[in-house]
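In the two complexes that follow, chain A is the common piece, with chain B as its partner first and chain C second.
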Partner chain A sequence: MGSLWGRLDDVQTDAGYGSPDEHPPRMGFFTDTSVCIGCKACEVACKEWNEVPDDGYLLTGMSYDNTQELGASTWRHVAFVEKPLDVPVEAPPADLGMPSMGPPDPQGAESGGEGGVRWLMSSDVCKHCTHAACLDVCPTGSLFRTEYGTVVVQPDICNGCGYCVPACPYGVIDLREGDGRAFKCTLCYDRLKEGQTPACAQACPTESIQYGELSELRERADRRLTELHDQGVDVARLYGRDPDDGVGGDGAFFLLLDEPEVYGLPPDPIVTTRDLGSLWRHVGAAAATVAGLGVASFASRRLVPRLLGTALGGRR
Partner chain B sequence: MPGLGTSFGRGGATTNLMDLQNSDCIVIQGSNMAEAHPVGFQWVVEATRRGATVIHVDPRFTRTSALADVHVPIRAGSDIAFLGALVNHVLSNDLDFREYVVAYTNAAAIIGEEFRDTEDLAGLFSGYDAESGSYDPESWQYVNAPQAPAAGQRDPAQPGGPHEERHRAARSETAGSGGPAVSAKPERDETLQHPRCVFQILKRHFARYTPEMVEQVCGVAPEQFAKVADALTSNSGRERTSAFCYAVGWTHHSVGVQKIRTASILQTLLGNIGRPGGGIMALRGHASIQGSTDIPTLFNILPGYLPMPHAHEHENLDDYVAGDAGSTGFWGNMRDYAVSLLKSYWGDAATADNDFCFDYLPRLTGNHGTYETVKGQIEGRCKGYFVVGENPTVGSGNGKMQRLGMANLDWLVVRDMQLIESATFWKDGPEIETGELATAEIGTEVFFLPAASHVEKAGSFTQTQRMLQWRDKAVEPPGDCQSELDFYHELGVRIRRKLAGSADEMDRPLLDLVWDYPRDEHGDVDGQAVLREINGTGPDGAALSSYTELKSDGSTACGCWIYCGVYADEVNQARRRKPHWEQDQVAAEWGWVWPANRRILYNRASAAPDGTPWSERKKYVWWDPEAGSWTGADVPDFIADRPPDHVPEDGATGPDALGGQDPFIMQTDGKAWLYVPVGLADGPMPTHYEPAESPVPNPLYPGQQGNPAIENIKTASNPMNPSLSEVFPFVFTSYRLTEHHTAGGMSRTLPYLSELQPEPFCEVSPGLARERGLEHLGWATIVTARTAIEARVLVTDRLRSLRLGDRTIEQVGLPYHWGPNGIVRGDAPNDLVGLALDPNVHIQDKVGTCDIRPGRRPRGPALTAYVADYRRRAGVVDPEEDS
Partner chain C sequence: MKEQRLVPEPEFESYYGRPILKEPTWKTPDVPLYLFLGGLAGCSAVLAEGAALTDRPDLERVARLAAAGGAAAGTVALIHDLGRPERFLKMLRVFKPTSPLSVGSFILAPFSALSGAAAAAQVTGLLPRLGRVAGSGAALLGPPLATYTAALLANTAVPAWHEAHRELPFVFGGSGAQAAGGLAMLLAPIDQTAPARRMALAGAVVELAAAETILRRHGLVAEPYRTGRPGRLIRLARNCTAVASGITALAGRRSRLLSAVAGATYVAGSLTTRFGIFEAGLASARDPKYTVVPQRERLARQGGGSAKIDG
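And now, the complex of A and B:
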């Protein structure tokens, strides 16, 4: 069984793709929100390429954000955060309801009128976690780890059980209304197979969304962070870059200009299956007669690559 | 773009987007660049990565402001006061790049004694005729050297331009690529001390444009003004350069041309033109809008900015080019360009004996601009109308006027991909709801013809930086959809078939037209053959390489002289796609740029008068004495082998008259014009006038509220809000969002774009929301003398209450993309806009005054009654009685 927790330097090997020289490097996104202009080209390019349906026509009043959040029909989501400059941004309590994106606080507005305003924009996406709880809990093998280290749902296998939905610590994956199955970003698995850049990164005009080998992206992000700190942008920070964090680091990570909560991101995400291993050990001890079959169905990540030969035969 | 044309000689951006990365400071004003030009904005982002300071001067805090170092909120329509104060700051603190200014501009030129400034005449220049509301520019001239402008009325023999008819004929547009005519170079005082030299006149003109005045007019605090002034001046000079970017936030104003002029003066004084990281980036409002002025869809110019001949002034080719014959600069060769164009149109039929069919060209008799045409429709003078690539009932100002005009036609052709509002106004337009129009009573026969999209046809775009980029066809157009090229070609074929055998002289221009193009395997006209025709061919039938090869003897044909070279060596140069990372900083092998693939115009000015670079850091084009030629990173915008110390002989004409230190080669005197002696309808120097509708008086010229040369459209459906009206106390400004495409035909019809901005909204400050009881996400009704519309309310800190002295001004932001058709619908904000036009280019103010109230607007006839009540209370004058 693959690792559920802790540092993991080769997620593909862990998933059964053989030794490091037998699989391609882990690919990912580095989204540098300091140069995001909120054009939403990523949202549109994603939908065009992946044939994702529209997500409804609702004026939300949350600044220029009318898609609200990631979901089954929104795989890239650009958040718009308006904040008066002279009101210090306080990290809200555990509530992740994107507190700063509603109508302006009249009191803040008063002072904002004098001190100006700040408008943060950030394109959110599935994090393609090193430890992906959605995948760990998927009973059908619809969710699998690709040879690029990304996490993909196969709609022709998904049975719509929805276990993955609460499993995601970021609230990314969701069931599509009227369809019933789970959908999320595939990091354009089909494009990767052709050696192409994912649609969102390809469309991004300012290189806010950068695609590449994760190890290289991490170095690039570190350099960018240093550059911004040198320019006096002390608020800049990386999010999801740390391989020792609660999800073992993200395959899609970010440079933010404020606390993660300001963008609607959990400050300290932890893979929800962290304790699955020990849980099952306890279950096993208590019911020694139960064979490992049930466990295998939950921990079937090793099997997935082998299953791929049939499930994705046409694509490989 | 006469603002740039009269200043520098060519009406295009002086620089290119990629070069913005070399800027040390970028001022974006009159543009929401990140929002409207997100792809080009990558170079601004790159500049910030390299440490540039980015300043955004705009009424609203936008996506552009979010990435800028400084955002300066300004009252919409007050840009000249702000820029004029920057000019004053530079002049009164001796911060200009003096060596550049003396050598490369007309600062030293001496103006005639008759000239009177607005400072002498309370807001008017000399030569104003109150009756016609226009200027006679005769008194604005240089001493002993009447000029013809690169833009505007390029005909010094008749400097009396002020006749209503001439003036209305919009001669100002011949700005694109031109140079003035002059019989002698002007008298100059190189010390800049002569009281009537341009430098001193300029200094006096702008002396009252102080930071305090800026605060009062623009609502910008002195410390904010100082921040901009310091950033700009400390980033200009030998070692550093600053760039300006503007878009329709400047052009769509009744003083739009003069806004651009003010920026041109400032950038010239700072020595930022023709140098890397400098320049003025004119961001065009729509794909290939640059192309549609280069090869114009405008009524008053021909391809390459040749003026459209005038019915009474241009009886023959000699008359037509007379204004430029003997002139200095490259406009001196206008006859070559004109004859080659005529040869391209009429081929073998055009001979020296028949004046190369010059008589076949249409003639101007007055102003035939868009809004004048619409007025003509309402008055029954214009009977037929093609609407192609636009949706005027939503995208143009005063939608009601557009619809009333269309409802009064015999026929209307709408070519579009979707059933846009301009095609359905007769059954579901707002006037049907109010009862002002009834479907049964509209006699217009409407033809809707399906159009191919940009991926369904091959062709070139000429984008914002004068760059032609070829795009191949990706898929065949569905059903009966046709490209423009196929449609117009087929239309021509059918008309010529109907006229075949006609003996009527009137039909000769059509029958003699060169109209045979090769077709591809689908039977479609080959667009590359058209591009090759535009490029031009020589006596041997081979594609030409440069406009300098054009002849006036009929041996060359060229469809647009400034595009000559785009098909050099029989290769479609616009189709080149070598990525910039495989090239040097200029990336000359991506697409093709007019003229002659020069990326930065006037780049001779990137070197000092002696031909050496101003600095190592800003090295670009310089004189190589060993090779005896100009060289550098870009194609030199100069005569290649003319040494820096060259002094032309007396009486030299055309390019021969250019000295080695005359970088502005399209201008008759080879200089950038700080002062425009002829070519503009509303003055030789910019002056702050209030927009046609304004809530505040003009403190600079209390007796002169608006542009004295403004062009009014007097028709019942175009009433104007009185200025300083208590009934219309707020400023509105209209604009676009990234998510939608102009009038919405290509975005409100698509789910992926519609969901991103699904409803019309207005943006207001928290202060205005309190004052009027507006609620976030609630409804508001916005009212002008034209009509009232409703929109949802976004209360946002990004709009600020501005303090102008002792009063506060509130602004209402109105994205204009919506209309009654499509997936996401609503009232069209442009219905609010009144038409009072810039006299040079006939463009309206995108700002005006309004009232805003909570709640939805009245429906049906109650709406007209509601607006009529506003008009009555505000004392709005019936336009038709006010003549």
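And now, the complex of A and C:
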């Protein structure tokens, strides 16, 4: 069992892959949403390569987003946020390195004009957490940590118990309807083993999705953030980059232009297993209380209130 | 930065109001029923052993059957939720202390076997010694069986369950004791059920106190326990428990009928509690408010994180 919480500099070693030179470096994604044009090439490439089945078609009215959310059959999800520009943005849209094609909005897209709309687009994906709750709670061992530090489900072992689903603090993994087993992004485990780039990153025309060694991606992201801040884009921030955050940092992290929750991301996720020790201690104390109640119920009528007093008093 | 905590509905941003977490896929009634049956069976095994030690044969028989029957029915509910029986066996391929479902499977499987053997010996009169040994084993596993289910719910990202991880085991343990005592009050003769009444009463007190603590301590996160359908279920359960406790304390000793009514009400209260807590979790996962607002408040308390931009 690996560590459950806190900073962890080598997930693979922690997961039993030997010393740092015995396994490949940790691989990941850096998704720079400031250059995303919302083309959904990543969604399509992922579906095609991984043979992910169709999961229905629905007009949602949520801007250009009919995909809606990550799920068992959606491993990349491009979010579209249209924010009215009622206040002039403090960040005059500096050159974000976007291709000149603007979103097809009559109001004039992301230009800061009066009554305009500020577009936020972001390709979401499984975060391949350093401390992955889905993996921790999986009772069958179907979810496992790969030699690249990514988190992958093995469908032949998964029993569809669904524990991983509410455990994920980002709401990523889900059971596939009809099939009953859990599926999510594998960070193209099969392609990684062949030394190839994951399908989404390969297909992304603007390099919004960047794939590489996590340590290198983090440096690249830091440089990009400084660059944007220098251009006056103060709203830019990194999400999931910090190895000291509630999940020990994400293997797939992001550069965002607004608060995480605007994109449907939790602002401060914490892996549930952080509290596992406290949880088991309280289960133990409660079990002892029940056993005590049992004994006392037979022993004497006066013993019960006395035992209760200790149990309730001793509980935090 | 605006302090938004005191306004009735906290303001927060979200992606088209969509949930951040995935709603648990566990089915109703399978899983809440399983939570209830685990508590009933586990605490009945304790009751059965006590009855055997203090020579209360009718109480012993009722409790042994409740332990075995509850475990068997609970296993059926669990397997029904999984869809196929062989899927339960996959739970037993590894033991993972980080997964309460794994730990629970390693409690449930031996408990079912032991409580089943004890009940079989009791009913058939065969191998009484072995039956007692099995019964003691079941009594040892009973309290963990009754309380681990709280870890099952709490070890998730669902705010209403996770944040209550200190209190839920006591709610579940107390609720299980109440159900086991209640069922025995319903089915066993009154001159043997004094311990069952005490167990039910004490369990009810533990449950009510722990549940009250959740509401008091957890503010917005505990809101799903108070509002909507889960809120109604939980209030109904609390009333059942209170009424049953009143009858038990006043007339449990004297009237067979009233004792049976109180017992049935205890069982109903325990069952309703599990449905209420289960559904509160679903509601808590569905509304991004319960994910975003407490996390924002935590960030604000830490003074760091990404502050709101509107200055």
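Before moving on, here are some points about what is shown:
Throughout what follows, the second predicted complex is superposed on the first by the 248 of 316 C-alpha atoms of A that agree within 3 Å, B and C clash if a C-alpha of one lies under 4 Å from a C-alpha of the other, contacts with A are read in each partner's own complex, and residues count from 1 in each chain.
In this text, a contact is a pair of C-beta atoms (placed from the backbone, for glycine too) under 8 Å apart; a residue touches a chain by one contact, two chains touch by 3 or more.
The shown structure was predicted, so the numbers you read here are calculated from the model rather than taken from an experiment.
Once the two complexes are laid over each other on the shared chain, residue contacts for A:Tyr163 go to chain C alone; chain B is not touched. Contact comparison for chain A: of chain B and chain C, C touches the greater number of residues. Within the superposed three-chain model, A:Leu175 lies in touch with chain C and out of touch with chain B [touch as defined at top]. In the superposition on chain A, A:Asn66 makes contact with chain B only, not with chain C.
Within the superposed three-chain model, A:Leu279 lies in touch with chain C and out of touch with chain B [touch as defined at top].
Once the two complexes are overlaid on the shared chain, A:Val262 sits against chain C while remaining clear of chain B. The touching residues of chain A, counted against chain C in their complex, run 1, 4, 60, 62, 68-69, 71, 79, 81, 90, 133, 136-141, 157, 159-163, 165-175, 180, 234-235, 237, 258-269, 272-273, 275-276, 278-280, 282-283, 285-291, 293-298, 301, 304-305, 307-308, 311-312, 315-316. On chain C, the positions that touch chain A within their shared complex are 12-16, 18-26, 42-43, 46-47, 49-50, 53-54, 82-83, 87-88, 90-91, 93-94, 96-102, 105, 139, 142-144, 146-148, 150-151, 154-158, 162, 165-170, 172-174, 176-177, 181, 194-196, 198-199, 201-203, 205-206, 209-210, 281, 285, 288, 291-292, 295-296, 298-299, 305-306, 308-309. Contacts from chain A toward chain B in the complex involve residues 35, 37-41, 43-44, 47-48, 53-59, 61, 63-64, 66-67, 82, 84, 103-104, 106, 108-110, 112-113, 116-121, 205-207, 227, 231.
Residues of chain B touching chain A in their complex: 34-35, 38-39, 41-42, 45, 49, 51, 61, 63-67, 71, 737-739, 751-759, 761, 765-767, 776-777, 792, 794-798, 800-801, 823-824.
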